[in-house]
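Across the two complexes that follow, chain A remains constant while its partner is chain B and subsequently chain C.
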Partner chain A sequence: MIEDLRRLGGGAPIACDLCLIGAGAAGITVAREFIGSGLTVCLVESGGFDFDNQTQALYAGKNVGLPEHGVDIGRLRFFGGTTNHWGGRCTPLAPLDFAVRPWIPYSGWPITRNDLDPYYRRARDVCGLGVPRTPAEILSELALRPPTLPPNLLELKLWEHAPYPWSFGAVYREELRKAADIHVLLHANLTQIATTTARSAVSAITVTSLEGASRVITARCYVLCCGAIENARQLLSTADETAPALGNGHDLVGRFYMDHFRGQVATLVTADPQPEIETVFNYFGDPTQRLYQTGIELSPEAQRDQNLLNACAVFDYEGDPQSGIAEAQAIWRQLQQGKWAPDIGEKVWRVLRDLDGVAAMVRRRLSTDRHPLMPLKAALIVSDIEQAPNPESRVTLSNIHDALGQRRVCVDWRATALERRTARHFALSIGSALLRVGFGRCRVEPWLAGPPGEAPLGLGETYHQSGTTRMAADPRFGVVDADCRVHGVENLYVAGSSVFPTGGHANPTFTIVALALRLADHLKVVLRQFARAAP
Partner chain B sequence: MGLAPAGAAHTYQAVIPPAALAEIFGDTTALRFLGLLYLQDQAKDADPQRLHGALFGGSAPQTAAQLAQSLAARRAQDLAAEDVTIVGGWLLTRGEAQLCALVALAAAT
Partner chain C sequence: MMTLQEILGWSVLLSLLLAASAAMIMPVLSRFERAFPLGRARWLLRSVAVAAGALALWYAIPLIVQALYHTNGGTGGDRLG
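And then the complex of A and B:
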C-alpha cells in the first residue's frame, strides 16, 4: 500500500512492527524482505515519486571542509533515493577492506567478508545482476586477454553493472504497492524521535509533510535509512539540554565522514592509432546485454607492503593528448636561462616516443621531414582512492534551520596525507606497468608530480558518503554494533553506508544492499521474539 | 642553471658518439630539456662519470645499435625494479632520466 501523508492528513498514530525511515536502496531492500512475513512495516519517505525542489532543499547545508564538496549534490530525496541516478556499478568490498590494517588508524570492521558473502549473493538479484560467474568466465566470454600486470602490485579489476537505469523506486514500486503488509507513506519527513524516559529505546517518531500534515508512528523497531549525512543529522537532532544525542555517548555520531576521492591521476599517451589498451580496459557488453567494465586495482600485497589505502582506476578515452605538450611549453617559459625553441613540447613528446622505440629495438632516423609528428591518442587514468577514517572529517549541525524547523548540516570533509601518497604510488605503478607492456607513456598530474606533501590532494568527491555512524563492537569506537543497532538504544537501527568503518574503493550501493539484507534477517528474529513475548 | 662540472663534455663525448645519439633521437634538444629538469630535482646525478657508470657500466656503446640495446636492457631492469621518476610531468625510467641528464651535462659545457 502506498499513501501520501498530505492527503492522509493528521489522525491517530500508525502502529506497525517495523518503521523504516527513508526509501532508498537500504529502506526499500529491508521492506521487500518483509513482504508476506506476517509482520507489518511502515516505510516513510520524505519525497514523492518525482524530484521536487522544495523537498530536495531540505538537504541543503553548509560546507566548511574541502572545497570540492557539495553538501546537497549527489543525494536525491524522493522515492528510490539516490538510486534514482545510480550508475549501477557493482562490486563487493575486498576481504582486506574489512580487516584491521595497522597502517590505517581506525580501520577494521566487526564483521568479515565471509559474514557478508551470503548477502552479497542475495544482493545480486536485488541489483538485477543475475546468475554469478567468475571473473575468468566473464573474461573468456568477452574474449578479453588482459596484459600481465606486476604480480603482488596491481590486479585486473572487473566490475559488473546493474541494468541501466535501475532506480529502486521505479523497479520495486509496484511490488510495494501490492504488498498488504507494507505501508509506504510519501511526503513524510522525520521531524521527531521520541524516546523512553531512560532514552534506552525509541517510543515513537513523528513525520510531517511540508504542508503541515503530521502523524505519529509507533513500532517495535525503527531503522534510519536516510543516507550517511542525513542519518547523522537525524541522530544528532535528538540531543537536548539534558542528554547527548542517541548513540552519541562517545561523541562519534557524524565523525569519520568519508567519500571516495576520485579524479584523474595521469594521462596515457600513445602514437598507436588503434591503441591496444582500448581493447582491454573499457566497457564491454555480453550477448545478454549485461554490461561490464575493466580497470586496475591495487593488490592487497601492495597495500600491506607499502602501507597504502585501497585504490582502483579506469580509463577514459576522451583525453586531450596535446595537454602534455602544452605543459612542456609552459615549463619552457619558466626556464629563464634556457634557449629553447617554442616547439619544445612537441620535441619532448617525440623523444619520449623514441625512447619507447628504443625499448622495442626499433631504430629509426628521425627528422621532421621524414617522420611528421604523429596523431596522438590519449587515455585519462581516473582513480578512486579509499579515504582513511578521520575523526576530524565530520558532519555536525549548523544553527540554520530548514523549512521544517530542523537544523541544517555542516559538513567538514577532510583528507589525510595517506590519500595523496596512495594516489601517487598507484599512478606511478600503473604508469610503469603500462610502459612495460608497451601501451604508452604516462604523464602524471601536476599535483602528484612533486614530493609528498608538496601539493594538495587533487581529487574530488564521488557522492559515496559514508562512515558517520560507523560500526564497532565496542561503543567507545562506533555508533552501531555488528547488527547495525545503535549502541545503548535497544530498538533503533541504522542501515546504509553510514555504518561503514572503512569504504575500500568499491561503489557502496552493492554493500548497502547486502548489509540491508543481513539487517532484515536479524530484524525478523528480533521482531518474532517481541511477538512471542507480547501478551 | 649551474649544473655542469668542468670537463664533463669531454668525458661524455668520448663515450657516446653523437652520431649514435642522433641516429636514434635526431634532434637532442628535448633530451637536454628533460635532463635539466631531472637535474633540478636530482643534484646528486650532476656527475657525468657517475651517470655514465650507472648507465653503461664498463662497456661504452660505440654504435646506435649498441646504445639502443644498452638502453633497452636498462629500461627493462628499471621497470622490473619499479625504479621510475617523474620529469616535467612525464614518467621516465631512472635510466631514461639519467641519459637525458648526461646529454644535458655534456651540452652545458
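And then the complex of A and C:
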C-alpha cells in the first residue's frame, strides 16, 4: 500500500512492527524482505515518486573541507533515493577490505567477507544481475584475452552492471504497492525521534510533510536508511542539553566520513591510433545485453607489502575529436537531443572524408555490440582510491535550518597522506605493467610526479558517501554493532553505507543491498522474539 | 565566411535530404500527375514539393531521433556506482 502524507493528513499514530526511514536501496530492500512475513512495515520517504526541488533542498548543506558537491547533487531525495541516478556497477568488497590492516588506522570490520557472501549472492537478484558466473566464464564468453599483469602487484578487475537504468523506486514500486503488509508513506520527513526516559530505546518517530501534515509512528524496531550523510544528521539531531545524540556516547556519529577519491592518475601515450588496449579494457555487452567493464586493481599482496589502500582503475578513451567517427557520434548525440549539430556542414565533410572508418565502426557496433574503436588522442587512466578512515573527516550540524526547522549538515571532507601515496604507487605500477605488455608508455599526472605534499590532491569525489555511523563490536570504536544496531539503543538500527568502517574501492550499492538483506534476516528474528514476549 | 569543406558538407547533406524527400514524395506525386496532367508545370510542382519535403525532413529528423532515443529524462544523474 502506498499513501501520501499530504493527502492522509494528521491523525492517530500509525502502529507497525518495523519502521523504515528512507526508501532508497537499503530501505526498499529491507521492506521487500518483509512482504508476506506476517509482520507490518511502515516505509517512510521524504519525497514522492519524482524529483522535486523543494524536497531536494532539504539536503542542502555547507562544505568546509575538500571541494565536493555530493551533499547537494550526489544524493536524490525521492522514492528510490540515490538509485534514481545509479550507474549500476556491482562488485563486492574484497576479503582484505574487511580485515584489520595494521597500516591503515581504524580499519577492520566486525564481520568478514564470508559472513556477507550469502547476502551478496541474494543481492544479485535484487540488483537484476541474474545467475552468477565466474570472471573466467564471463571473459571467455566475451572472447577477451587480458594481458598478463605483474603477479602479486596488479590484477584484472571485472565489474558487472545492473541493467540500466535500475532505480529501486521504479523497479519495486508496483511490488510494494501490492504488498498488504507494507505501508509506504510518501512526503513524510523524519522530524523527531522520541526515546524512552533512559534513552535506551526509541518510543516513536514523527514525520511531517512540507505542507505541515504530521503523524506519529510507533514500531517495535526502527531503521534509519537515509544515506551516509543523512543518517548521521538524524542521529546528531537527537542531542539535547541534557544528553548526547543517540549512539554518540563516544563522539563518533558523523566522524570517519568517507568517499572514494576518483581522478585521472596517468595518461597512456601510444602511436597506434587504434591500440589493442581498447579491446581489453573497456565496456563490453554480452549477447543477453548484460554490461561488463574491465579494468585493473591493486592486488592484496601489493596492499600488504607496500602498506597501501585498495585501488582500481579504468580506461577512459579520449578520441580524436576531428576524426570521422567522433564527428558522426557528435552529429548523432545532437540528433538524440532533438537538434542538428552546430557546424553540421564541416562535420558531414569530416565524416565523408573518413567514411571507411565510420563504416568499420558501424559494422563493429552492429556485429559485436561493442563500443566503437575510436582513433585515439589519449587513453586516460582513471582511478578510484579507497579513503583511509579519518576521524577528522566528518559530518556535523550547522546552525542553518531547513524548511522543516532541522539543522543542515556541514561536511568537512579530508584526505590523509595515504591516498596520495596509494595513487602514486598504483599509477607507476600500471605504467610499468602497460609498458611491459607493449601497450605504450604512461605519463603520470603532474600532481603525482612531484614530492609528496607539493601539489594539491588531484582526485575528486564519487558520491560514494560512507562511514559516518561505522560498524564496530566495541561501542568505543563504532556507532552500530555487527547487526547494525545502534550501540546503547535496543531497537534502533542503521542501514546503508554509513555503517561501512572502510570502503575498499567497490561501488557501495551492492554491499548496501547485501547488508540490508542481512539486517532484514536479523530483524525478522528480533521482531518474532518481540511478538512472542508480548502479552 | 564558409570554408570549402563546409560548403561541400552542406552540399552533401542537402543532397541527401533532397534525395530522401524525392524518394518519399515522387511515388505520390506521380499518381497525382496521372490523375491531373499538368504539362510543363509538373517540374515546378515537383521542385516545390521535393524542396518542401526536404525542409520538413530537416525539422522532423531530430525530433524523430529524440523521440526514439530520449528515454532517461528527469534527474540529470550520472552513471554512478
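Miscellaneous remarks
The criterion applied here is as follows: the second predicted complex is superposed on the first by the 473 of 535 C-alpha atoms of A that agree within 3 Å, B and C clash if a C-alpha of one lies under 4 Å from a C-alpha of the other, contacts with A are read in each partner's own complex, and residues count from 1 in each chain.
Following the convention adopted for this analysis, a contact is a pair of C-beta atoms (placed from the backbone, for glycine too) under 8 Å apart; a residue touches a chain by one contact, two chains touch by 3 or more.
All of these numbers come straight from a predicted model, not from anything done at the bench.
Judged by the touch definition given at the top, the superposed model places A:Ile344 against both chain B and chain C. In the superposed pair of complexes, A:Ala531 makes contact with neither chain B nor chain C. Within the superposed three-chain model, A:His464 lies in touch with chain C and out of touch with chain B [touch as defined at top]. Applying the stated contact rule after C-alpha superposition, one finds that A:Ala243 touches neither chain B nor chain C. When both complexes are overlaid on chain A, the residue A:Ala403 reaches neither chain B nor chain C. After overlaying the two complexes on the shared chain, residue contacts for A:Phe51 are found with chain C alone; chain B is out of touch. When both complexes are overlaid on chain A, the residue A:Met1 reaches neither chain B nor chain C.
By the touch criterion stated above, A:Leu428 is placed in contact with chain B alone, chain C being left untouched. Applying the stated contact rule after C-alpha superposition, one finds that A:Ala266 touches chain B and leaves chain C untouched. In the three-chain superposition model, chain A touches both chain B and chain C at residues 332, 335, 337-338, 340, 344, 347-348, 350, 352.
On the side of chain C, the complex with chain A involves touching residues 2-3, 5-10, 12-13, 58, 61-63, 65-66, 69-70, 72, 74-81. Listing the residues of chain B that touch chain A in their complex gives 1, 23-31, 33-34, 36-37, 64-65, 68-69, 71-72, 75-76, 79, 82, 84, 86, 88-93, 96.
Only residues 150, 153, 266, 324, 327-328, 331-332, 335, 337-338, 340-341, 344, 347-348, 350-352, 354-355, 357-361, 363-367, 428-429, 431-432, 435-436, 441-446, 448-449 of chain A touch chain B when the two sit together in their complex. Here chain A touches chain C in the complex through residues 50-51, 74, 76, 82, 84-89, 164-165, 332, 334-340, 343-350, 352, 462-464, 506-509, going by the rule given at the top.
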